[in-house]
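Here chain A shows up in two complexes: once beside chain B, once beside chain C.
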Partner chain A sequence: MSVHTLPHPRHGVRTGRSAVMPNGVFGMLIFVVAEVMLFAGFVSAFTIMRRSALVWPPPGQPRLPVEETAFNTAILVASGVAMLLAGRAFRRHAPSASRPLVAAIGLGATFVVLQGREWWMLIGGGLTLTSSALGAFFYLIVGLHGLHVIAALGFLVYAWRRLARGFLPPGVMGAAEVLWLFVVAVWPFLYWRIYL
Partner chain B sequence: MATRPVEIREGHDTPGHHEEPSFFVKYLWSTDHKVIAMQYLFTGMFMALVGGFFSYVFRMQLAWPGESVPLWGLVTPAAYNMLITNHGAIMIFWVAMPVLIAAFGNYLIPLMLGCDDMVFPKLNRLSYQIFLLSVVVLFSSFFVTGGGFGGAWTMYPPLSGEAAYNNTPAGQTIFIVAVALEFVAFLLGGINFVTTAMNSRAPGMKLYDIPMVVWMIVIASIMFMASVGPLVAGAVMLIFDQTLNTAFFDPTRGGDPILWQHLFWFFGHPEVYVVLLPAVGIVAEVITVFARKKLFAYKTVLYTAIATGVLSFTVWAHHQFIAGIDPRMANIFTVTTLLISIPIAEMMFVYIATLYGGSITFSTPMLWALSFIATFLVGGVTGIFLGASGSDIYLHDTYFVLAHFHYTFYPIAIIGTFAGFTFWFPKMFGRHLNETLGKIHFWLTIIAFNGIFLPLFVTGVLGDNRRIPNHQVYPELDNPLMNGLREVATVFLVVMLLAQFVFFYNVVVSLVRGKKAEKNPWKSNTLEWTADSPPPHGNWKELPTVYRGPYEYGVPGRSEDYWPQNVPN
Partner chain C sequence: MIGRALGAAVSIWVAPGAAAACVVCSPGQSDPAQSGLLFGTLLLSALPIVMIGGIGWFVVRRIRRIDRESAAIGTSEDPEDSLAGASGGAALAPQRIEP
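Up next, the complex of A and B:
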């Protein structure tokens, strides 16, 4: 709410019809549509490149750590489940909503750390941005997802801080939920397209 | 953020306490949707002058090659490439988008829906600031080593990916950064538009009571957000190619340059409809008011616009018929491309049906709206030749293509803007424009516009290639007929650009001395005309309630021929 804008005068007194969902949730959903298309653009480009390559995977490149990343994927999915629980507890006004929220943040941060470790190993193994098309797309897409996770974690921490101070609007919590569930849900798809 | 419980800040949000903000806060740091709309509008108009000046320089070069152009000097091939590239990019990304979507969207959506502001006012302010930053970044590219990017606004690699090919090592990257910033600005704006339209309508305003222009801007915003992702993906890959030495699009190192064309046109073709729909919406508002008739088939127009939006995602490869795509794929895209002309033709017929039997006033906005229908039809019909892969193989990359898309984009970006600007001018500034000057400006502009591009259809069919800065080098293109047509086009361009001084004179004089406008000078139904002219901060003292649709003109049994949306009976 800016200094120059009055609080929406009609909010809550409108007759007959009310907003389907809070503004924050609605706005975040539209943003997620754009994000889905962004990832779809990258993944379809990668698929075209992979299909048209004569040899795949490119020779002389380290094998992607499919098993370790499956474990990471499970951690991120668990974090999404924790977020769902946090959202449900928040809507029931349960005082314990911050516990699953902290769990979601912790599991998300673990995912980032483990992925960072994986990058470290792969760069050591010779997979770099310029070593092959696989490397270029791998770091581009996984890196983009990583940035999204980090940014979304920042949003979750912000929501958690406000919850701890006892003042978290439903719009902010809903938006955090939508963003985090998107970041979680897109990952198994990326894992399937890139690692498998 | 309107969901936040009411927080009363000392001395500011308290009703009844109004502090006059400083100039800086009021005009440069404002979160008021009307101020942001004006910022977008005037920035867009300034960019139109820049883009128009660029077109003047390269058209002079095309008509009289090798001669020094007044106000510019000699046009080198590098400068020519820079000029056409930035003319195209500026007119689409920095004129059509900010004016049609951001300026009209910001101005009209809250006023037509009967609320006090956008739902995310700070996001709105940030949107304009990022847009302004993108303008600064684009301008900075003109002054770096090698000059501005010259690889066409479509940025096809490998030309755009390798500094060795385009000779603009810094310009190529700065250009992409500028376009990316512009996208971020519209992403923020679009989130605001859609959320506001869905969540902040006046009490009683059902979905079918929303004025058509608001629907069009909302659909366009959704289309923009659904189509921009793949282009951003491509742009990131292109920047990586340029700066980090990756090889996504470099065929010599295993990359795929056609991939860029798919990613670009997956955005690029919906983008055409992103800017078309708001213009179509503006025309709907203008013709219903000046024909005093209900919009013919409101729901048909709405569903047609949605159908156009969906179909527009399936036509992109018609830009690539000669790029080496599978001929079977070309057949499919020919069919989808010809299909998309059906909803657009339907909209045009609906507008003609709206005009039929109306009591028409030929005011300046109405003239613009009618000329939109006429010129856009020419653009649409010539598109059929290009959508059919057989004829496109011949016409590809000729001036026929150029004339075709100027016959679509000019009605959208220029005629649509003038229709909207002259129509809402009394509301925006509280004064009337001079009608005589407005009509002189209209006729000069519209005649000159046709004078520019009709000859170019002919040179295109004669085989004139788009990308050649100097036709004297090619004997088969250097004949009296084609040279004469080129000169005609250039002379009309100069006439058209000079005619815009009539417009600017009209605006300045009318702002100072124009007739004062009352609340509803056109006797229109929609809600923005129930606010003061110009609307104050917060738009209304008491927000309106809606009782009916926006186009109840000439309803039998009523003393007045209009029935405003907010009047109970």
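Up next, the complex of A and C:
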């Protein structure tokens, strides 16, 4: 029996019923559904506000760095691919998932650092939370996504540490995979609606 | 019943302005703000259906797969170990749960 098939002590008394998916994955899916609706609500509000504006983008505000963020988007998508590979490797032979998992963490951390640099430049250019509707929505939506990325990175690091110790339950790995793929998948949509 | 529903759908489609059904589909369709509203309405309406439908589809597919594998394996073996092996790994393999 490989390390990730060890029964968890909290499973308790077992019956003959089979679960469709680990509880952790199902719980994370419910969370992701709620988060998708949260982002959809913000993006809808932003779209209506943007279409209602007489002049867009607001005058006197710095332009959003479209090219740099496109590169950053590619980094995050690459991180998602690395996570998919990690999940596949985990299902085949758990210890082999370590390398792609580290790659996903590294690429995700790079995305956060580049986003921080972008924010630093935008704030320096005069785009703040109170400078315009663009600034308010930009920092709200992109900031919310950034918080999700940071939290998901923490979860990935936790999963990697458990994997390194030799015991990573499939539910934890599956939940980390679902959360990371969500933050990766939602970003190109946000980029399209906010930056372009 | 179907005829009435079809009639209502056609009349709303043909004369939305007269019906003044909603701010999105009746007045000023060329207004950019209206297209923004339409985008928001479509997004927020379609997403829950797509997501819940997607999860439902996945669950049904998974249950069918478990049933197929259980039938193939038989009831004498330990289903958890057998299913884990048959699905190519144990990471997301079906697990026994507490009642």
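Keep this in mind: the second predicted complex is superposed on the first by the 178 of 196 C-alpha atoms of A that agree within 3 Å, B and C clash if a C-alpha of one lies under 4 Å from a C-alpha of the other, contacts with A are read in each partner's own complex, and residues count from 1 in each chain.
Keep this in mind: a contact is a pair of C-beta atoms (placed from the backbone, for glycine too) under 8 Å apart; a residue touches a chain by one contact, two chains touch by 3 or more.
Everything numeric here is computed off the predicted structure, so don't read it as measured data.
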Notebook entry, point to check: Looking at the overlay, what does A:R165 touch: chain B (first), chain C (second), both, or neither?
Noted result: neither
Check: Which of the two partners, first being chain B and second being chain C, lies in contact with A:R50: first, second, both, or neither?
Finding: second
Check: Between chain B (first) and chain C (second), which does A:M173 come into contact with in this model arrangement: first, second, both, or neither?
Finding: second
Notebook entry, point to check: After superposition on the shared chain, which partner residues are touched by A:A94: those of chain B (first), chain C (second), both, or neither?
Noted result: second
Margin query: Looking at A:N23, would you say it contacts chain B, chain C, both, or neither? Reply first, second, both or neither.
Written below: both
Notebook entry, point to check: So, A:T130: does it touch chain B (first), chain C (second), both, or neither?
Noted result: first
Item checked: Partner chain in contact with A:V36 - chain B first, chain C second, else both or neither -> both
Note to self: In the overlaid three-chain picture, which partner chain does A:L140 touch, first (chain B) or second (chain C), both, or neither?
What the structure shows: first
Next item on the list: Mind sorting out which residues of chain A both chain B and chain C touch, each in its own complex?
Entry: 1-2, 4-5, 11, 14-17, 19-20, 22-23, 33, 36-37, 40-41, 44-45, 48-49, 52, 170
Notebook entry, point to check: For chain A, which residues count as touching chain B in their complex?
Noted result: 1-11, 14-17, 19-20, 22-24, 26-27, 30-31, 33-42, 44-45, 48-49, 52-53, 129-130, 133, 136-137, 140, 144, 169-171
Next item on the list: Spell out the part of chain B that touches chain A in their complex, as residue ranges.
Entry: 1-7, 9, 12-13, 15, 21, 25, 30-32, 115-117, 119-123, 125, 187, 190-192, 194-195, 198-200, 203-204, 222, 225-234, 236-237, 240, 244-248, 254-256, 259, 262-263, 266, 537-538, 543
Margin query: Looking at the complex, which residues from chain A come into contact with chain C?
Written below: 1-2, 4-5, 11-23, 25, 29, 33, 36-37, 40-41, 43-45, 47-52, 87, 90-92, 94, 170, 173-174
Checklist line | Interface residues, chain C side, partner chain A - complex | finding: 32-33, 35-37, 39-40, 43-44, 47-48, 51-52, 55, 59, 62-63, 66, 70, 79-81, 83-84, 88-99
